[in-house]
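Both complexes shown next keep subunit A, but they swap its partner, so subunit B is in the first and subunit C is in the second.
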Partner chain A sequence: MDHQIYILVIEDELEVMDALIKDLEDFEDIFPIESANNTEEAQLIVSNIIESGDEIGLILCDHVLPGQNGVDFLISLESQQDFIHTKKVLVTGQAGLEDTVSAINKANLNYYISKPWTNSGFHEVVIKQLTDFVIERKLNPLKFMGLLDSVRLSEAMRNNLLTDN
Partner chain B sequence: MIKGFQRGKRTKVLELINRTIDSTKELQSLVVNFSKDELLFKEGDSLPFLYLLLDGTVSLSHKKKDNSSFEVLKLEPGHFIGIVAFNTGNNSLTTAKAVQKIKTLRFSQNEFEKYLNEHPSLRSPLQQLMMSNMTERFKVNLELESKLHSLNNTLKDEGIELKEAYQQLEESHQKLVHQEKMATLGELVAGFAHEVNNPASSLLRSSEALVKNFQNLEKENPLAIMFNLGLNAAPLSSTEVRSRMLEVQKRFPEVTERSMVRKLSHISNEGYKVIELSGKTINIESLIQQHEAGKFIHNIQLSSERIANLVKSLKSYSRHDNNEAELVDIRDGINDTLLVLSNRLKFLDLKLSLDDIPKIRVKLGELNQVWTNIIVNACDVLPDGGTIKIATRTDGNKSVVIEISDNGPGIPETLLRKIFEPNFTTKNQGAKFGLGLGLAISNEIIRQHGGYIHAYNRKKGGAKFKIVIPLKES
Partner chain C sequence: MKINRKQLAGLIIGCMGLTIPFFLNIEGLSYAGHVALGIFLLAASFWMLEPVPIFATSVLVILLQILLLSKEGLIFTESTGEYIPDAYTAFIGTLANPIIILFLGGFVLADAAVKYNLDKNLTRILLRPFGTKPKFIVLGLMIVTGLLSAFMSNTATTAMMMTVILPIIAQLENKDPLKIGLALSIPFAANIGGIATPIGTPPNAVVIGALSQQGINIPFGEWMALAVPLVIIALFFAWVLLIRIFKPDTDSIVIDMSGKFNTSKNAILLYLAFGLTVFFWVTESFHGVKSAIIALVPIVFLTLTGVVTKDDIRKLPWEVLWLVAGGISLGISMKSTGLAEWIVSSIEWNAFGPITLLVVFSAVAVLMSNFLSNTVTATLLIPLAVSLSTSGVAGEGFNLIIVSLVIGVSASMAMMLPISTPPNAIAMSTGTIETASMAKAGITIGLFGILLVVLYAIFYWPLMIN
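Let's look at the complex of A and B:
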């Protein structure tokens, strides 16, 4: 298998997890989805992905979780080199102002989706974040053209070509 | 007694003086009469005369800062009028007014010494009168001083009482504001719950209608079977999904798309058999989609039922805030409270042993506030996985006992006595809210129900609240 870029979803309520994964269905052709019901499980998955030499492009994380909460989990990732480019999105209905502020300040949160979300808004966020990831990582954009923001990707490609010359 | 003694002495001296006046022409010219309400002198006047009151009453009054005046002294026959000003040479401190027609002996400033010298028979009585006047005034002064002193003390006490009363007022004001807020909140919640019920029931009915639509196919149709399997599929944790996805890859090597593998992982072995049997005649993707449709409709049903249940308990939780006592089972209120707080209790271990208790006449909405306060306090100090125990029982035929305990850090012994006092809170640090009224109000509510609430620390650790409400014959 070639190099994989994963989407990780962390959500403890199974019905909500079903809905999130259904909305991410279209992305799975290129970005395999992994799911976890708590941050402990998420940590295990994250380690496995890194060990296999793959990486995580996007984490969608609930805040109120059993054990460690979502924001603290995102903060713990922030200090690790492997996740510098990983896009972090909080999907929650319940994070208070304090938690949200600390997520933005300490976990470098990229986006906050409040529940309930809409399919189109959700798609937009995922496309934007994954496009950012591909551009920042300077990956070959061709593979992602059909799925992500083709305008920004081709622009980035032109710029990259210019700087390479 | 002293006054009587003084008056008697004064009368005797006065008689003597009157007799002297009768026999001395010169003295007769000093007699001056004033009619009722006539002023002898005004406050601030410089006094050229000293009067000896022979008959009638004179009132001395003094002006206050706000220009109103009050009576300082009533003078009777035998009293000197203007004696202070006369002795000190200062302006008069008072206004002297005849209460009725009066008779006085008027000496001018320089005449007085002269009369004392020229009429030796007057010298001694006048000096005696002067002396007794002074003594009387000194006594009055002493009495006034001691009165002032005790007044000051009373004032001080009253000041303290006032302070306490103000504090109590402040507390009850806060309590009222809090109660008002709760009442408003209750109304809001009731209105909100009512509004949410409509979409929730629409969701429930629509999903039921959808189920019928999907089940319209004949029963043996593989698509119908897959739908029904999806409708009844057990939810899988993400770990289970992962391990089943590996099995799916072995069993259906022809399926390569990861999202299809994931969908297959939710299907039971029974479903796999259906797919394997009919996979040649029916597109496998259609079969999987049918299963997925069933599963999502199941999710809709589950979620809308959850909404309906939450709304139901919110409604009954707040409905009772109409301040009327009703004959109810307290446990219903406890269950409603637990559902309303399910968000906070999600990761705690809740142990209920709600023994049968008789219905009692209480204000259920208010009691719910008590459970809420105690449980929320416990939630605030418990880590994930902490335990809250709630037990109900009857104590003989006398009372109902409700015990709420946790295995948290307990309450510091020094604070145990204070926690039911208003404005006691440990939640002031950081952005945590807390008026410090929760337990004070709880205490008040239980007291109004004729019961009591006690807080202990358990020997095994953690806090315990015991609420006892008497069974009243109704």
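Let's look at the complex of A and C:
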């Protein structure tokens, strides 16, 4: 199988998890989705993905979770080489100012989605983040053109001086 | 490294191809010819089935030729009655062949043009006269794409033009056939536009490189005089075809023309360098300074002034230069070992009339390059043309320049499938087009291309060359 880029969803409430997964439906063909109910489980999934040589493009993470909270989990990833390009999005209604600030400063948070979200707004965020990921990772954009922001991907191709063969 | 079945086949056939000729004794072929045949078989199968990237095959070819066929190599340290080995410098020298330097100049200019948005801004200005009627917008897009891809790579031009048309496509009604027409117009125009100048696309370099080894120099302007009239007709045909097959539903579309030319000092230096270089290239026949020498001037000028930096130079698509050089290098041995002549002599060429020969070469080139890289197609076919001409077996009516042009131009006329060219792949990736639509329009253009090339080869090119 090809090199895979995963979307990881971390959320403890079942209903919210279902809603997130449903909103991510369109992406699943190209970005396989993994879900975890707490950060411990997430850590296990993350390790497995990295071990098999794949990577994580996007993490959608709740803040208030049983055990370690979401922000601390994201901060713990930030220091690791494997996740430099991984896009980190906090999906929460309950993170206080202090947690939010530390997520931005220490975890390099890319986006904050506050609950409840709208379907179209959510889509836009995911597209933007994954497009950023593909461009920063310098992946071949062709596979992603139909799904992600094709104008920005074309622009990236232009800047990469593609040639004929 | 993961390897699929096709690649595995390529690897096995290639390695067998390289070794088998050592154990055979083919009549009428020198021992060196056997060695060259081995290298040729390896190169052909690697280039066609791609177990390794095509540019990697090219450098492998150069190394194998040095090891197995050069005076400094392992086998032919002395001249024999049958084979006078070339010095290894002949093979590595292809990396600095004048056509490679000409391409390098083109790369540096194109790189700088992208950096300072010259390509985008020119597009905006040039599109303005075409108004808002969809069919004229498509015409405008195709003309601009063709023009840019004559000087930049077809692929980079397509990527840039996608940023222009994707917002238009997004505005259109879901079922409007114009969407498909637009998405196809760009790669088709880019493929065709690349034919227009020597630096437009690598197959042109293969033709020019092979001819220069035969002592035939084709100045920049002369190539354009030969190719541009054909490009214009082909573009026009493609336009008519696309707007007929994919009749627009809407009667007006809007393109965002906003944006300003970069007026920084560096950008202005670039505009100057670009304009002057193109001017002196096109007028090569009048002043006689070789285009490869002219190509060095913008390289020097843009690096001295800091318009192009070390990082920009590192970003250049060097692999394309290797690809072309490997092809030129292979041509050297095919000729000097008598291999090319042997291949040619095994076919009864006299059975073909001169016109049939042109049709066959054109059709084979179009067919091959639909599935293979255009450059590889030209590289594999040109040595045949050269040896047909030098051995004289094809008879009086055979003109080397014309047949080489037929091959080179036809290699760019292949646009039937997403894999035919990188511009096609980009257009396909947008999800706007079905393969069937691309194939329908692409086959029509391919067939028209063959007709057009053959007509030019019979009626127009002979007038220009003699």
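Following the convention adopted for this analysis, the second predicted complex is superposed on the first by the 161 of 165 C-alpha atoms of A that agree within 3 Å, B and C clash if a C-alpha of one lies under 4 Å from a C-alpha of the other, contacts with A are read in each partner's own complex, and residues count from 1 in each chain.
What we mean here is this: contacts are C-beta pairs under 8 Å (C-beta built on N, C-alpha and C of every residue); 3 or more make two chains touch, one makes a residue touch a chain.
It should be emphasised that the depicted structure is a prediction, and the values quoted were computed from it without experimental measurement.
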Partner chain(s) touched by A:Ser154 [first = subunit B, second = subunit C, both, neither]: second
Which superposed partner A:Thr86 touches (first subunit B, second subunit C, both, neither): neither
Partner chain(s) touched by A:Asn110 [first = subunit B, second = subunit C, both, neither]: neither
Touched partner set for A:Thr39, first subunit B, second subunit C, both or neither: neither
First, second, both or neither for A:Thr131, with subunit B first and subunit C second: neither
Contacts of A:Lys143 with subunit B and subunit C, given as first, second, both or neither: second
Intersection of the subunit A residues that touch subunit B with those that touch subunit C: none
Contact set on subunit B toward subunit A in their complex: 235-239, 241-242, 257-259, 262, 295-296, 299, 302-303, 343, 346-347, 384, 431
Contacting residues of subunit C [partner subunit A, same complex]: 54, 107, 110-111, 114, 119, 153-156, 159-160, 162-163, 166-167, 194, 201-202, 315-317, 319-320, 323, 373-376, 421-423, 425-426, 429-431
For the subunit A and subunit B complex, residues of the former touching the latter: 14-15, 17-19, 21-22, 25, 28-29, 32-37, 41, 64, 66-67, 94, 97-98
Touch list for subunit A against partner subunit C, complex: 141-143, 145-147, 150-151, 154-155, 157-165
